[in-house]
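The two complexes that follow have chain A in common; it is paired with chain B in the first and with chain C in the second.
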Partner chain A sequence: MPIPLPTVNLIDISPEIILGVFGVLVLLIDLFLRRERKGHLAVLSLIGVVGAFYASLRLWGSSHYAFSQSIVVDNLSLFFNGIFLLGTALVILMSVSYIRREGINLGEYYSLLLFSTLGMLIISSGNDLIILFLGLELVSIPLYILSGFARTNLKSNEAALKYLLLGVFATAFLLYGIALVYGSTGSIKLPMIAKLLSDTAVSSNPLLFIGMGMLIIGFGFKVALVPFHMWTPDVYEGAPTSVTAFMSVGVKAAGFAALLRVLLTALDKLQFSWVSILVVLAILTMTVGNVIALVQTNIKRLLAYSSIAHAGYLLLGLVAGSRLGVSSILFYLVVYALMNLGAFAVVILVGRKGDQNLHLNDYAGLGYRYPLMGAAMSIFLFSLAGIPPTAGFVAKFYIFSAAVKEGFVKLAIIGVLNSALSLFYYLRIMVIMYMREPEKKEVLPILFSPGLVIALLIAVLGVLYLGILPSRVLDLATSAIRTFLSG
Partner chain B sequence: MELTLFVIFGAVAVASAFMVIVSRNPVVSALFLILTFFCLAGLYVLLNAQFIAALQIIVYAGAIMVLFVFVVMLLRTGKEARRGYRLIFQKSIGIIFVVLFLLLLGSITLMVSVTGMRGPYTAEAVRHIGNTQAFASVLFTDYLYPFEIISVLLLAGIIGAVVLAKRKR
Partner chain C sequence: MLDYIWLVPFLPLFGFVINGLVGTRLPRRVVGIIACGTVGLAFLISLTAFFVLPDQPVPDKVLYSWIKVGDFKADFAFQVDPLSIIMILIVSGVAFVIHIYSIGYMHDDPGYSRYFAYLNLFVCAMLLLVLANNFLMMYIGWEGVGLCSYLLIGFWYERKSAADAGKKAFIVTRIGDFGFALGIMLIFKTFGTIDISEVMHLAQGRFEVGAPILTAITLLLFLGAVGKSAQIPLYVWLPDAMEGPTPVSALIHAATMVTAGVYMIARCNVLYSLSPTSLMVVAIIGCATAIYAASIGLVQNDIKRVLAYSTISQLGYMFMACGVGAFAAGIFHLMTHAFFKALLFMGAGSVIHALAGEMDIRHMGGLKRYMPTTYKTFLIAALAIGGIFPFAGFFSKDEILWRAFEQNYILWAIGVITAAMTSFYIFRLVFKTFAGESRVEKEKLVHVHESPRVMTVPLVILGVMSVIGGLAGVAKAFPLLGMSRFFSEKLNILRFLEPVTGGHHAEGGQAVGLERWLMLASLLIALLGIYIAYQFYVRNPQLPKRLARRLGRAYNFVLNKYKVDELYDFLFVNPAKRFSVFLWRIWDDRIIDGIVNGTAGFFKVCGHIGRRVQTGYVQTYILLIIIGAVIIIWYCL
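Now for the complex of A and B:
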């Protein structure tokens, strides 16, 4: 029996192909490089990331399905590609000197980073539950390995094992959810599921609702929503700092990309049902994240709980489910990537070999000894807290106003109260930086490597630019969802 | 007939999967895992997917499990693997939720009939084109892209295994 081959247009997946090719290339060139010259691989990976970014730019404006409707190439997926690639580029810049200091400068590091990013790109264009599942696995498996990359560090081993075991557990939920949704609708293509749900016999099937709940659990684990957040602080603390930065931004954005596609494209008809689940999750996530962050003394754990809280704010946009809600999620993710990666860049700068110097007290007096770095950290912390001249304020403003416009006033009030609460622990770091004398007298000077300085500069300029002139990126985010919600 | 076979295979699969977790000896766990794989293969046959059933036995029960058993025997995880934590609170809460969840699922599956669309590959259609052909024609056309993604996924897994297991440099 001859099999008619489908028409395949490789241009549609050119960003993915470029990243994949560079991932393999890094692996091959790694063989011929001596240990101290592995930094060249970072340059090569950056070229790949920029190339994928350029390919995404070239596709901007297209809106069609490809590969027998497995993927959808639209502005939403391309905007997400931009967020992922921006985050990865910053992480690569931050990694070069960090992994040399920690003695884990292996070529495989960059290639795993690229493969994980490739998984994110696949998720953002996924139009089919299988693609979303595989994309999420391709994001996670390299990250399980990267968390344990510091093999001699016990905490890193613990992080990798914990992330692997709990991640696999969550994946099982996701897979079971996919099976139940498929069983009750008969399709795995997202638009097709939406079409089949107009039949009330299908859309009232209880199995479908259980499937939906399990999908939310599976994705909720990846973005660290509250009842499924237990792994976050331990994994964020134990993993190498550059990997933590990558996880906190990339995986979160990828999880939200998947949630947007599944909930708003496929299960749009069940909105009445999933909104009530997400409202509870949002309140829990914001509150628990912020309250526990108050008592943290380790900067990585503090940022872990802060990232949980930010996932809660992001859920507000999804609960609103409107055009404004989705575009403000996109804007928030861009801002979050810049400010969070910036904060982690400072954590890397202050840190010492073997992941030392992560206690909040190690930041005492830093604001005077390194005024520029102190100023940068203050900008990131102000932005994370959401204080006006910075981008964090604009992002929170839009996401809360989206929730208010759709009638979730109480939820928005809880969100605002929570960000007031978060001000306490963000400002505490600044108080320590500027108003407390260092305990130890002899402190090793901080080594500013070019990669880290560039990453810090990009993050600072980005946060300030988006805080003062947000309209261009907001317009982009609005045009990104034009085809997504109308069709 | 089909239903009884389904229940038997399903029950044995779940029971042996449970034994994989609870048995203290890793080799016994591995053997129970083989039993689970065989039951899954039986379920595939009931679904008229003989080709996948054969793959399941050859690849999983055959190749992968042999590796598993070898690794377990070579590592000789003797005493340390047996030390268990008690965690009575977590266990009891876990058991309560599992039972509730199973009751929920069970009552629902008894209540509702299958809704949703039927695919093009009914039992007759598959018998007509042939099992392997039907499988291939879907895998290399509609699911071409997922198929390629899996290759990258496996590559990432291999890199990880090498990185984590390599001797100290």
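Now for the complex of A and C:
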């Protein structure tokens, strides 16, 4: 029996290949570098990221399947690649001085980051449930290690263990969901599933719905939807700050990429069913995230809850499910990556060895002692809160109006109310920065390393640019989904 | 020239950036020059724009296309028409004067550059709000002024009351902003655009009078106005906002920001005209607020609080004007009010400055000898707000009252009673502060002085405007002795605003006569208010002394007189006093403050409960995941 060999076109996965090669390269070169020169690996990783970005750019405009339809190369996946790579690049820039300060400047750090990003790229182009699963695991496993990377720090160990235990638990749900969907439809290819679902005998199978529920739970864990969010604050607080930043942006974006593909491509016919689940999850996620954030005193925990709330806003775009909805998710993720990473960059700057100086009170008076950094942090906080003329406002406006347009007016109202609520804790940080005297007078000066400054600069300029002149990126986001929903 | 209109909001923004980033390292002089200079330039540009504005409608000045996706489009563009020109003139003009005044007032404050940075940002946001050609940009300005107001009320953040007041203002106005945001969303959903003139145009063609969707939109927008312009029931933040520096009160909480709601309604007059229900709501809320706030103003003893309630009351007038369809009259009163209220606040600031922070009028008195300029200008402003001919308030208030009279006698009657109260409380303030014997504490009296020139010159400028400002809107009915063409055709704000607010109705000959009588009536009533205040606060306080001198023969006579006062007190003053104290103490402090604080507290408690669930045990987390999973899967089946 002849086995049909799939046609192999490596160009289609060139971003993935480049990133993988650089990941291995970093690991190898690491062997020959002395401890204090590990910074070179960051440069090497950055080259890899830029290379993968360039490769994605070259592919822009294509729209086809590869590897027996298990991979899809379209603008949507490439746009997501852009978000992931942007996030990773910023995280690498932020990491150099941070991991040196924390005494965890080991070469594996960068290669783990690259491998995790590779997983994200695989998710964004996955056209097949198994590939999506593979990608998600490739994202997660390096992160289990990375969250425990500060080996001498108890909290970091705790974070890693919790993340691993709960992550594995959620993976089981995901895998079971995949099995059930496959069992009830007979295919793991997303477009194929969609086609098979037009048969009512298939689409009324209760096992299919259970499978769908399990998939939502599995992905919901990764993007930290309430009630699957409980790991987030503990892990975000315990993990090294740069890793937290990476998780809060990259993993979230990857989870949404997977949700978009699965729900809108494969399970589009079941929209009537999953929309109501997502509506409830969105309300819960926004509200719980914001309300608990109100009483946080640790900046990392506060940002953890804030990131939960942002996942809730993002769900609104998915609920809308329209072109506008999906493109607003893309835009939101770009903005979110910039503003959240920017905020974490400031957290890294203010922090001290052993992850000290993370209490909100440690920010007292910083606005005056470091006016530029204070201004940058204010811009990020304004953007997170959604106040014009920052990018966060445009993003929120865009995603809410997508929901309104599809008739989810009440949901949008809850979203607006929630973002009003969020103002309190974001503004509180600013109030502390500008309106409170520091308790302890002798404060170590902040060391501005070039990597962090560059990252901060990119984030500030990005947030302002997208707030004032968002149309180019909005156009890009719109063109990114041109083939997605019509095909 | 009009192509440079974008400079008007951007110049103050530039000032904000400079003073905000490096202000602490610049000498104070430079900070002041940058802050005042940028606003002053913006005023000059506005002035030029006013003179070159052609009669035909001007196309919107598009700076660039801000958001454009699918059928959604928002430009960064400015609308140049009579209404926006008048507004930028008022905003930049009054702001410029107050900026100069602030140089003197804030002279010794350690947060000097921060203050001016906030002030400049505020001016920028307000100018953006009034120049916006679409609702989204207007919303940006709307939020911007709210934010600056929060920062400036809490400017002296080390004082707990100031920080609390800032928070209160922010929370209360947020409720209104929420309605405003919903209104904008509904506009987009209904019309498919957020361009203001397009919306107005579409509304006229597409909807009948009384269309429910328009009523919904206009009421939601009005909710925003109620919050921002401090009307019932969301006015409570404004009196507390007096915790900020006095020039801030003058600029933000009297002359400009709080008028944003009035401006917005005038801007959307087409929508409101199509919805009689909304107009009625606006008129009733405005009218109720006017008399309500004025009655509270009667019993306050804090000089700034009296002015705060007075502001609320005057804003009520403006809404009443809008509610009866007299949008131009509302804007006219907005303008005159900006002059005299800013002047009142700055005069009060001058007094407070001289008395080293004393704000209680029971501890003032006799200050006219020490501060002649402040006294004279304050008196002018008081005459203007009291509605005495020929000061500015007379013309604008009468225009509103006349238009109200045409619609509804009750509105007019309440308006007139409010006018009497207004002239009473404002002259109570004048007499208790400046007239009579000094009740100032000894050690403070030594230091009492007239404020420096940098503070008194702005007072004089606004004083002049408070005198002549009303001439911009002299009613046709007014006997002008041959000047009527000039006043009612050329120099007439109401006519100038016509392209935006719609035509003024024709006035018949008989109406002119009636209008004159009404004018006279309200003038007499205003004078009556002053007379009563004079009796109460200039004549009576001296009674005890005369009593002591003439002890004996005149005693009975004096006693009887005193009894008349007692009777007055018993019949009118005390019940009114008790009622207003009740309103102030019980309604304001308990119920409304309680709701505001309660909301914040509620969420905090929720947050703490949520935190409790976050035990740190993996078992708990898994349990929660399973519960969630069971519910979802149960739902899927």
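Here is the rule we use: the second predicted complex is superposed on the first by the 483 of 487 C-alpha atoms of A that agree within 3 Å, B and C clash if a C-alpha of one lies under 4 Å from a C-alpha of the other, contacts with A are read in each partner's own complex, and residues count from 1 in each chain.
As a convention for this text, a residue touches a chain if its C-beta (ideal position, glycine included) is under 8 Å from a C-beta of that chain, and two chains touch if they have at least 3 such contacts.
Just so we're clear, the structure is a prediction, and the values are computed from it rather than from any experiment.
In the superposed pair of complexes, A:Pro388 makes contact with chain C only, with no contact to chain B.
A count of residues in chain A touched by chain B and by chain C gives the higher number to C.
By the touch criterion defined above, A:Phe67 lies against chain B but remains apart from chain C after alignment on the C-alpha atoms of chain A. Legend: residue contacts after superposition of the two complexes on their common chain; A:Pro206 is shown touching both chain B and chain C.
Using the contact criterion defined above for the overlaid structures, shared-chain residue A:Val275 touches neither chain B nor chain C, since it reaches no partner. Of the two partner chains placed by the overlay, neither chain B nor chain C lies in contact with A:Leu464. By the touch criterion defined above, A:Val21 lies against neither chain B nor chain C after alignment on the C-alpha atoms of chain A. Residues common to the contacts of chain A with chain B and with chain C across the two structures: 206, 210. Across the complex, chain C is touched by residues 162, 165-166, 169-170, 173, 206, 209-210, 212-214, 216-217, 221, 227-228, 230-231, 233-234, 273, 276-277, 288, 291-296, 323-324, 327, 368, 371-372, 375, 387-389, 393-394, 397-398, 400-401, 404-405, 409, 412-413, 416-417, 420-421, 423-424, 431, 435-436, 468-471, 474-475, 478 of chain A. Here chain B touches chain A in the complex through residues 104-105, 108-109, 111-112, 114-119, 129-130, 133, 136-137, 140-146, 149-150, 152-153, 155-157, 159-160, 162-164, 168-169, going by the rule given at the top.
Those residues of chain C whose C-beta lies close enough to touch chain A in the complex are 20-22, 24, 64-70, 72, 76, 136, 139-140, 143-144, 147, 154, 157, 163, 174, 177-178, 181-182, 185, 188-189, 600, 603-604, 606-608, 610-611, 614, 616, 618, 620-622, 624-625, 627-629, 632-633, 635-637.
Considering their complex, residues 1, 3-6, 8, 13, 20, 23-24, 27, 35, 67-68, 70-71, 106, 108, 111-112, 115-116, 118, 122, 128, 130-131, 134-135, 137-138, 141-142, 144-145, 148-149, 151-152, 160, 183-187, 196, 199, 201-202, 205-207, 210 of chain A touch chain B.
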